[in-house]
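Input: structures, listed below.
Paired with subunit B in one complex and with subunit C in the other, subunit A is shared by the two complexes that follow.
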Partner chain A sequence: MSLLSIKGLSVSFASGESTIHAVNSLDLDLDSGRSLAIIGESGSGKSVLASAILGTLEENGTASGQVLFDGRNILGSDEAVLMALRGRQICLIPQNAWSAWDPVIRIGDQMTEFMRCCGVPRSEAPNLALEYLKKCGLAPEVLRSYSHRLSGGMSQRAMVAMCASVRPRLLIADEPTKGLDGRSRTLVLDLFEKVIGDAALLMITHDLRAARSCDEVSVLYGGRIVESGPANEVLDRPLHPYTAGLCAAHPRRGMVPIPGGIGRRTEIVGCVFRDRCVLADHECQGDVPMFGETRRVRCFHADR
Partner chain B sequence: MRPWKEMLSMVLSRARDNPVRYAGVLVLSIFIIAAIMAPLLAPYDPDDRMGPFRSPSWEHPLGTNDLGNDILSEVLYASRISLGVGLMSAVIALSFGVGVGVLAGYYRGWLEQLLLGLTDTALLVPALPFTIVLVAYTEPNIWIISAAIASLGWCSTARVLHPRVMELKDSNFVMYARSLGKGDLYIIFKHVLPNAWEVISVKFALAVGTGMLAESSLSFLGLSDPTNQSLGGIINKAFTRGGLAMDLWWWYLVPGLLIGLMILAFMMAANVERDKGVLLD
Partner chain C sequence: MLTVEDVSKTFRSGPLSKGHKVLGSVNLRLEKGEVVGLLGESGCGKTTLARVMMKLICPDHGRVLMDGMDITAMQERRFREHRHRMQMIFQDPTSSMNPAHSVRWSLDEAYDHYNRQGEYVELMRNFGLPMDILQRRPAMVSGGELQRVSILRCLASEPDYLILDEPTSMLDMSVQASIMRMLLSIGEGRGMMLITHDIDLVERVCDRVYIMHQGNIVEEGRTSEVLSEPRTEGTKALLEYFH
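Let's look at the complex of A and B:
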């Protein structure tokens, strides 16, 4: 049984008169010790997915479907159930890690407070914080400093240290390499392999190089997974026209943008990518199933 | 380095970063120390009667008034009252203003509408006439005067704090704390208020200044606590008992200048725009 198994998850937001479908009947599975990258451009529903798993959607959002964590559906659970999971079992490294630190409290105090919330005894917390900071290549002085004294990469690594120290079973990292230079990016990505042990990692990113460091990749477009499979295969031999476009937009591969924008999704009929796709025809007006077994792709025209 | 030397060099380097603020703090400390030590510094008991209307001399640096009280001693004791009423009205106004700002910004909804409506209404009321009416209809003692000044002083704090609290409530670290199960009180006292401290501290210094000014205006108009004479009260006496007519400028000019200087010092101490980072460590 997978640690995290999402079945038919849909999330929509009420916005004035209309409803925006951020995530549409999404399925994914993630086993312990594996890592999965969710890639896609801004507005594809990546961060909403993380909020839905953690039960922290905005008030105007509604989610349906199933989020099975360890075989138990946690979608729509009581706040008490979710709180017992958050931190202890599922940890989120939020987008812009620096903004998750309170600027007027020392990093060390925030780390120990977090650990205490996650059930680490007060006496052990400081040593544990020190141990994990060291593992993440940070000096002990970081404990006594404030977040605005740290660089972007350092606060990101401190956040990884804090989350890893409570040994969660699932770590969700939202854009962990956003705004980092090449060296910091490599440091942060190496850390995930080093400190998370047998936990599962769900990495939400639009950085293709970061995605490559994961075992598997799922490509999200318009709230739907359009392609998934082993990371290197998907990124080296993309099948879906959207994945191909994403890869071609990468600076090393000529930086060719995909024409058009992702737009607001107020209806869910047919292929979500058809408005921007060169291969689109009448067939794409209808519902598109997922084809394939380990390499899965949602397209009639993919070169399978 | 020895600890006190380290402290001194730290204070000096901060003072260099924001000379205006630290000049204000320095002047303020002098005034506050002088007010606290009034019994030691005053050459005479302010109630002692010597000859009336004496001109400034070594014996009486600011002369004596119509009853023969030493004016310098009176001024020193009166500055305690002026500062005390300013501080007290600021404490009352700030506690109320911070409470309203935090409740409105944190809980939103109908409570926000109600509290902001109240704040906006209170902002429309002309402060000084309102305070004059309040004090005129009650017994003017320093507590009532402080409360009357604070009765409208809270609204600007609430107005300024409200958006800051809204912003903080939506910040990532507050969402993080909330998703871990921290309660509202914990979040307000641990995350929201410390982060809004730059707003609160500035508002406090400004409130003390405006409180002192309001108190001086009230006492100048004769609405003062008869047993606790403030600087404004001295000026009022100088005007009503012949100080102006006889051209005894030291009687009213010195307390007037002192009020001005103290208020200026509070305003200068509130100058923190370039000091934000330094407030933290």
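Let's look at the complex of A and C:
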């Protein structure tokens, strides 16, 4: 049984008179010790997916379907149940670590407070903080410093150290490499491999290099997974026109933008990408199933 | 031509502080019609150098020349008539617009100042920007669209030199591609300096590149040569982490 198994998850937001469908009947499985990158443009529903798993959707959002964590459906659970899971079992590394730290409390104090909330005894917390900072290649002085004294990369690594220290079973990293330079990015990505152990990692990103460091990749567009499979295969030989477009936008692969914008989806009929797709025809107006087994793609025209 | 000569800068937190040396002794030139990359790790002084070039901060030593004219020593009042010839694009487009006013207001403010009322409409069409964003406040416009608006706003003064401080590092890949293409299309006849830590991007768009390491330019030259045959340890380290 997978650690995290999402079945038919849909999330929509009420916006005035219309309804915006952010995630549409999404299925996903993630085993312990594996890592999965969710890639897609801004507005494709990546962060909403993370919020739905953690039960932290905005008030105007409604979710349906199932989020099975360790076999138990946690979607729509009581706040008390979710609070017991958050941190200890499922840990979110937020998008902008710099602004996630409290600027007036020392990093060390924030780390120990978090650990104690997750059930680490008071006497062990400081040593554990030190141990994980070291693992993440940070000096012990970081414990006594404030967040604004750290560079973006250090701040991100300290955040990974804090989250990993309580040994959660599922780590969700939201854009962990955004705005970091090459060196910091490599350090953060290496860190995931080092600290993750038997936990599972769900990495939300639009950095294709970061996605490559994961075992598998799922491509999200318009709230639907349009392609998934082993990371290197998906990124080297994309099948779906959208994945191909994302890869071709990279400076090394031609820097060709995908025409049109992602827009807000108010109806959920047919292929989600057809408005921007050069291959789209009348067939794409209807529902598109997922084809394939290990390499899965949701397109009639994909060259399988 | 924009020339930087022996510029150094140390930031001090108080009169007794020993200070933090951000720029050693930097020499650089940017000619019209070329795209130059400035590559380096975070915190190596790239943005400080850009701010010195824009005369937003004063260097401790050295000077910046614009077409042979020393702008570092020039009085602010006299420089004002030349300031429009340089513009800077920042990493975060939301912070370069007034959040209390609409996008139209921000564009009008710039274009009216140069007596080019409403000329941005034509440009918006060329760059595929939807007209309905004009009524919206910056917070209601996507990052990619807003960055394109901030580029259009810079064009109001028809600058000769554009300094781009990580214009796409917060945006996703497809949007990055369309913004870089837009910048290249307006770049003709202008000198552009692209500050970034994305080596792939530099390789793609820059004619020449400067590599910065701990406040000094450690290497410069044609992009293909510098990136394929790095000569200094600083450059090698930068490339190693990227691949």
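Quick note on the criterion: the second predicted complex is superposed on the first by the 304 of 304 C-alpha atoms of A that agree within 3 Å, B and C clash if a C-alpha of one lies under 4 Å from a C-alpha of the other, contacts with A are read in each partner's own complex, and residues count from 1 in each chain.
Criterion: a residue touches a chain if its C-beta (ideal position, glycine included) is under 8 Å from a C-beta of that chain, and two chains touch if they have at least 3 such contacts.
The structure presented is a predicted model; accordingly, all values stated were derived computationally and were not measured.
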Using the superposition on subunit A, decide if subunit B and subunit C clash or fit. fit
With the two complexes superposed on chain A, say which partner A:K178 touches: subunit B (first), subunit C (second), both, or neither. second
Is A:L54 in contact with subunit B, with subunit C, with both, or with neither (first, second, both, neither)? first
A:D190 in the overlay: touching subunit B, subunit C, both, or neither? Say first, second, both or neither. neither
Check whether A:D281 is in contact with subunit B, with subunit C, with both or with neither, and answer first, second, both or neither. neither
Greater subunit A contact set [subunit C / subunit B]: C
Give one of first, second, both or neither to describe whether A:E141 is in contact with subunit B, with subunit C, with both, or with none. neither
Closest Cα approach between subunit B and subunit C after superposing, in Å? 5
Overlap of the subunit B and subunit C interfaces on subunit A comprises residues none
Contact footprint of subunit A on subunit B as seen in their complex: 171-173, 175-176, 179-182, 190-191, 194-195, 197, 277, 280-281
Counting only contacts in the complex, subunit A reaches subunit B at residues 54, 56, 83, 86-87, 92, 94, 96, 99-105, 114, 117-118, 146, 148
Which of the residues in subunit A come into contact with subunit C in the complex? 41-43, 151-153, 178-186, 206, 208, 245-246, 249-252, 255-258, 261
For subunit C, which residues are in contact with subunit A within the complex? 40-43, 91, 142-145, 169-178, 180-181, 197-201, 203-205, 237-238, 241-242
